[in-house]
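Shared between the two complexes below is chain A, which has chain B as its partner in the first and chain C in the second.
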Partner chain A sequence: MSAAQSDGGGAPLLRVDDLRATYDTEGGVVRAVDGVSFELRHGEVLAIVGESGSGKTATSLALLDLLPKHIGKVVGGSAEFDGIDLTKLSAADMRAVRGARIAMIFQDALTALNPVHKVGKQISEMIRAHQRVPRSQAWERAVDLLEMVGIPNPRERASNYVHEFSGGMRQRAMIAMAIALEPEILIADEPTTALDVTVQAQVLDVLLGLRERLGMSIILITHDLGVVARAADRVMVMYGGRKIEEQTTEGLFANPQHPYTKGLLRSMPRLDSVIGDRLTQIPGAPPSLVNPSEACRFAPRCDFARPICDEQYPAQVSIGSGSQVACHAAGDPTWETNT
Partner chain B sequence: MWIYALKRCGLAVVIVFCALAALFALLHMIPGDPVSIALGPRATPEVQARYAEKMHLDEPLVVQFGIFVGNAITGDLGMDVFSERSVTLIVLDQLPFTIVLALAGLGWAVILGIPLGCLSAVRPNSWLDRVTGLVSVGTIAVPSFLVSIWSLLVFSVMLGWLPVLGAGDPGDLGDQIYHLILPAFAVGLGWVGYLARLVRASMLEVMGENYIRAAWAFGLPRRTVVYRYALKVAILPTITLIGIGFGNLLSGTVFAEIIFSRPGLGKLIFDMVMNRNFPVVQGAVLVTAALYVVVALVADLVVAWTDPRVRESL
Partner chain C sequence: MSEPLLIVRDLVKHFPQYEQRILTKRQTGSVRAVDGVNLDVMAGETVGLVGESGCGKSTTARLILRLIEATSGSVIFDGVDVLNADDEALRRLRRQMQIVFQDPYASLNPRLSVREIVGEGLRIWGETADFDKRVGDLLDRVGLNRRFLDRYPHEFSGGQRQRLGIARALAVRPKLLVLDEPVSALDVSVQAQVLNLLVDLRDEFDLTMIFIAHDLSVVRQICDRVAVMYLGRIVELGDRDGIYTRSTHPYTQALMSAVPVPDPVHERERERIPLEGDPPSPLNPPSGCRFHPRCFKAETICRTEDPPLIERVGGHECACHFPEVSNVT
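Right, the complex of A and B next:
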């Protein structure tokens, strides 16, 4: 579960460079993803963390060209995956990538699985969309997959509909569907958010076990830092459609750089905190991304903002060992950002 | 599924029974003494009493209702006051014409309306969507009797392509179909627009659902996503509506039947009301109501068969 597992030396599996995506809304054009760059290495779990509206889901939808039709679109940047630029694929080529090479699972499995088709049918349909296998064989594989993700009585369960599954089982069923074709990348968009804590842990274990077994890379989108600490090798923090910090998981928890990241960590309960202490919250609300200014987007909520923060967006500063932060205070020893 | 079907059938029986009760109550609320209507003003009291006894009109209401229900169940709907023919036979004579007309009218509306709505939803705001939308609202707004008269004028009188009246020679299927074209067109036209609008609306809603986005994300081909994953869900409210529509058409074909001088249930009820021939009206209404319930039942069963969630809801 450490960075040592990934073959850090080789070329990254996915290299996203300056990705930009917008939503057309009645209020104007929302710059949901605003120049995001990151890399995903083989076998690595990269967590994307941020609050609602920070652009973490939009980033992953943009990669697979799944932004809402007629509203969202990718407007710039590239996403190089195994020598191909995902942003320039034709619809047919993109369809061949989706599910088979890059699969995605969603937050609420009840609404993400079709209500009028049997679960096994949906999994086998997905297999047959990419491979020429007979119906019966695809069904057998669906049963095997359900077993693989830990669903008891998989043969009977394959004939059930999604509303007959419990929350954890639905998520497992969706994971089974996502790994059916052994994709190289699995994008998990808040896979545990809708679940109880114990079921959360089980689902995470399933995901991580499959990572070991199939050698997948996982992009884990979450706002739950507990999930991050448990599962991720590296963490990328997003705020206002931009990446503001990226570090190894250990590095981020031990030594967060951006004031927003520090705020996030302080808003989490700790084992060593004094009983009776209140959790800190970050004051203010996330910024509107309609025609955002060129200022640092966190400046209005930042306790340490200086005039320059309202004037220009901070450049991405490398702080060693692949870690980056976008803050004017970074590397300035005179600029105190700890409370 | 079977349990659901059984419960639903039980419910249907209850509804038909309620319809029987309502009909019976209505008949007894109509002013006038059936005996004096049947026998005329000059009948002696003895004759009147004998007639009342024969028709069980001297029994208490509850007993009369029991006899009425019993007769209805065994298929005896009474006698035509004038011709003394069995009402059941009269109604059954007319029924096939109406059923065929309703089926044909709704049939072509379904075949055209559902794909149109579907295509409109897949490409919203395309020229096809706009034209369909405009034409749909137009056809919904125009009443069927107007369509009947105009299509009669244009296609039969001016162009002479299609017959003006009748249902065609009995036994000659080709001729019957030939006579069916215009009435079916007139009856179904409004439904084309109606179904297209409904399917478009529910398709658009379903296409925005998470499971459709997930289906795209799993790389399913467009055809599978649109027709197998989205349409199968979006069609459900339409099935219910088609059931109701068919029930409505059983008596709603009356304009087309009168204008095209076709036999049929609607025309029968209309004629018999004009003649104050209440036993026939009563029988025809009862058969219509029962058919309505049966069609609604079939629609519900189709929906339940398609949507597993519905099966568990009753």
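Right, the complex of A and C next:
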């Protein structure tokens, strides 16, 4: 187990229960988050992995009331943070929480950063919006933050505009902004996708260092299973708007339970493995989230599906030590799901 | 041997940096984003471009397609001088050279539907027969539902948008496809799907590809040759297996050792070659070998003499005074 472990017991810092969020589109109502529950403890890194389009970003946007206006909305469930239900906060109260106590690194760096202000200015103004500090001091803090996330010549670069930054530099500028106020929870949506491995390692070290120093909890959304292996304590796997599996990191890699998770782990290209001609892929397309059926959402693509899978969504079953899986085959020794 | 499809020589791009005062604007220096890149790409070949964030990969790609103007150097594509081509020649070149942009959010026009985005090239070239079917087929091929034709980009997740970009680029059947981090926003199963798709399309259409990625395990799956960039230059260039199993440049070796392996036990115990010192700045690159301030092997000569990119040991080109074969994975 990695160093700074969560304190194990005690109340969770964040308890999400049966969260539901939808997007209204011309094609119908997209049930992007369809009954998701999880807990996050103090100082813990919880990774969320899963198919593209499975609702990872929507889950985090729903928590912070950031779903696109008029189109997206939370339609059920709760998210209890330090005694308050985030889904019931007024807009003003949410503004006080967002950024200062729960901050988010957006997947979409370019639209989260303002093109008309210098990068350093955006970070320092963000600091000044929440803290009483002189402009010059906030600017110095912005320069320090840019340096922390590995921007070379941070003093000069603070005066650049976003379009003058490379893809990876933009992503790091956003990380600097998110950690500026030392939040209790950091939601990092694909924080390292645009980063090469050396910078990625450095950024992860910065994030894990903050966890160590401040006891910050991190929700780490990533498709990079190498990053999960390095940084996460626990992993939750999403598919079709739902959580389908949750385990400790070690448990998930050693003993994945859900057929989707197994397929995911098999699809991975690895540097330390032999090169085959083709990568294993999970055949088929992801389910539509408009009027999803009551079947297991993975059934059309699952090699082990039986008739019941088409009839009824599997209940979430506990498989010991806080691990859960939603699959009819789980716990049935006669139902083999290994290829 | 035949002529390469793409010949890049001494390609340079400097972005001037200004200091803005109230009334005056003063140039304070320049970002040497690309600073002397040489590269040949043969028809049908896939070349990977890897390297640290900010080392000039995207800028190199944009220069090759002439989406921005070079400071100096030359790019010859299929016998045509790209950097001096007139408008008409450039229009024809654009069809043959397509790019999938790094940022799937910014590169899709939010006001256009999927049909218009993916079919844009077909329309420009007047190929409107069976339009919906052709666009639908492209969506199928990149693993998107063909019922999405009338949707708009904001309705898609990050990974879905990246696939729209790939479908759009493929629509006009280019000869050269430049992919700037095409799978970095995709989960691994979709990533495998897209990589397999690219391999199929490459074989089917004789595509030549330049594949920019920071994920070395992905590059390994798909590229014939790999170029490692550092601070605006290529520092090591060779065939895939050579680069992965017998890398000779200390930077390449550090890069390989930093790749996370999806195995928590192995991963947390692995030895890494640390990169010492501050990350490099293209505002004032170090003297001699640009890597020397962070290199674990650097000696006096590295501070004064810039090692050229030439064939040394290990059977591939390397720009280092002390190349040594090593396999660090």
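Everything below uses one rule, namely that the second predicted complex is superposed on the first by the 315 of 339 C-alpha atoms of A that agree within 3 Å, B and C clash if a C-alpha of one lies under 4 Å from a C-alpha of the other, contacts with A are read in each partner's own complex, and residues count from 1 in each chain.
Throughout what follows, a contact is a pair of C-beta atoms (placed from the backbone, for glycine too) under 8 Å apart; a residue touches a chain by one contact, two chains touch by 3 or more.
No experiment lies behind these values; they were computed from the predicted model shown.
In the superposition on chain A, contact of A:G263 is made with chain C only, not with chain B. Looking at the shared chain after the overlay, A:H130 reaches chain B, while chain C stays out of its contact range.
After overlaying the two complexes on the shared chain, residue contacts for A:S52 are found with chain C alone; chain B is out of touch.
Touched residues of chain A, counted separately for chain B and chain C, are more numerous for C.
In the superposition on chain A, A:N114 contacts chain B only, with no contact to chain C. Touch criterion not met for A:V36: it reaches neither chain B nor chain C. Legend: residue contacts after superposition of the two complexes on their common chain; A:A103 is shown touching chain B, with no touch to chain C. Looking at the shared chain after the overlay, A:M169 reaches chain C, while chain B stays out of its contact range. Of the two partner chains placed by superposition, only chain C is touched by A:Q281; chain B is not.
Within chain A, the residues touched by chain B in the first complex and by chain C in the second are 68, 108, 111, 164. Note for the complex: chain C touches chain A at residues 15, 17, 19-20, 28, 31, 50-54, 58-59, 102-103, 105-106, 143-145, 147, 150-151, 154-160, 181, 184-193, 195-196, 199, 214-218, 220-221, 244, 254-256, 258-268, 272, 275, 278-283, 329.
Against chain C, in their complex, chain A makes its touches with residues 2, 23, 25-27, 30, 49-53, 57, 68, 107-111, 150-153, 156, 159-160, 164, 166-169, 172, 190, 193-201, 223-230, 249-250, 253, 263-265, 267-272, 275, 278-282, 285, 288. The touching residues of chain A, counted against chain B in their complex, run 64, 66, 68, 70, 95-100, 103-104, 106, 108, 111-117, 125-126, 129-130, 161, 163-164, 174, 177-178. Residues 124, 208-211, 213-222, 224, 228-229, 232-233, 306-309 of chain B are the ones touching chain A in the complex.
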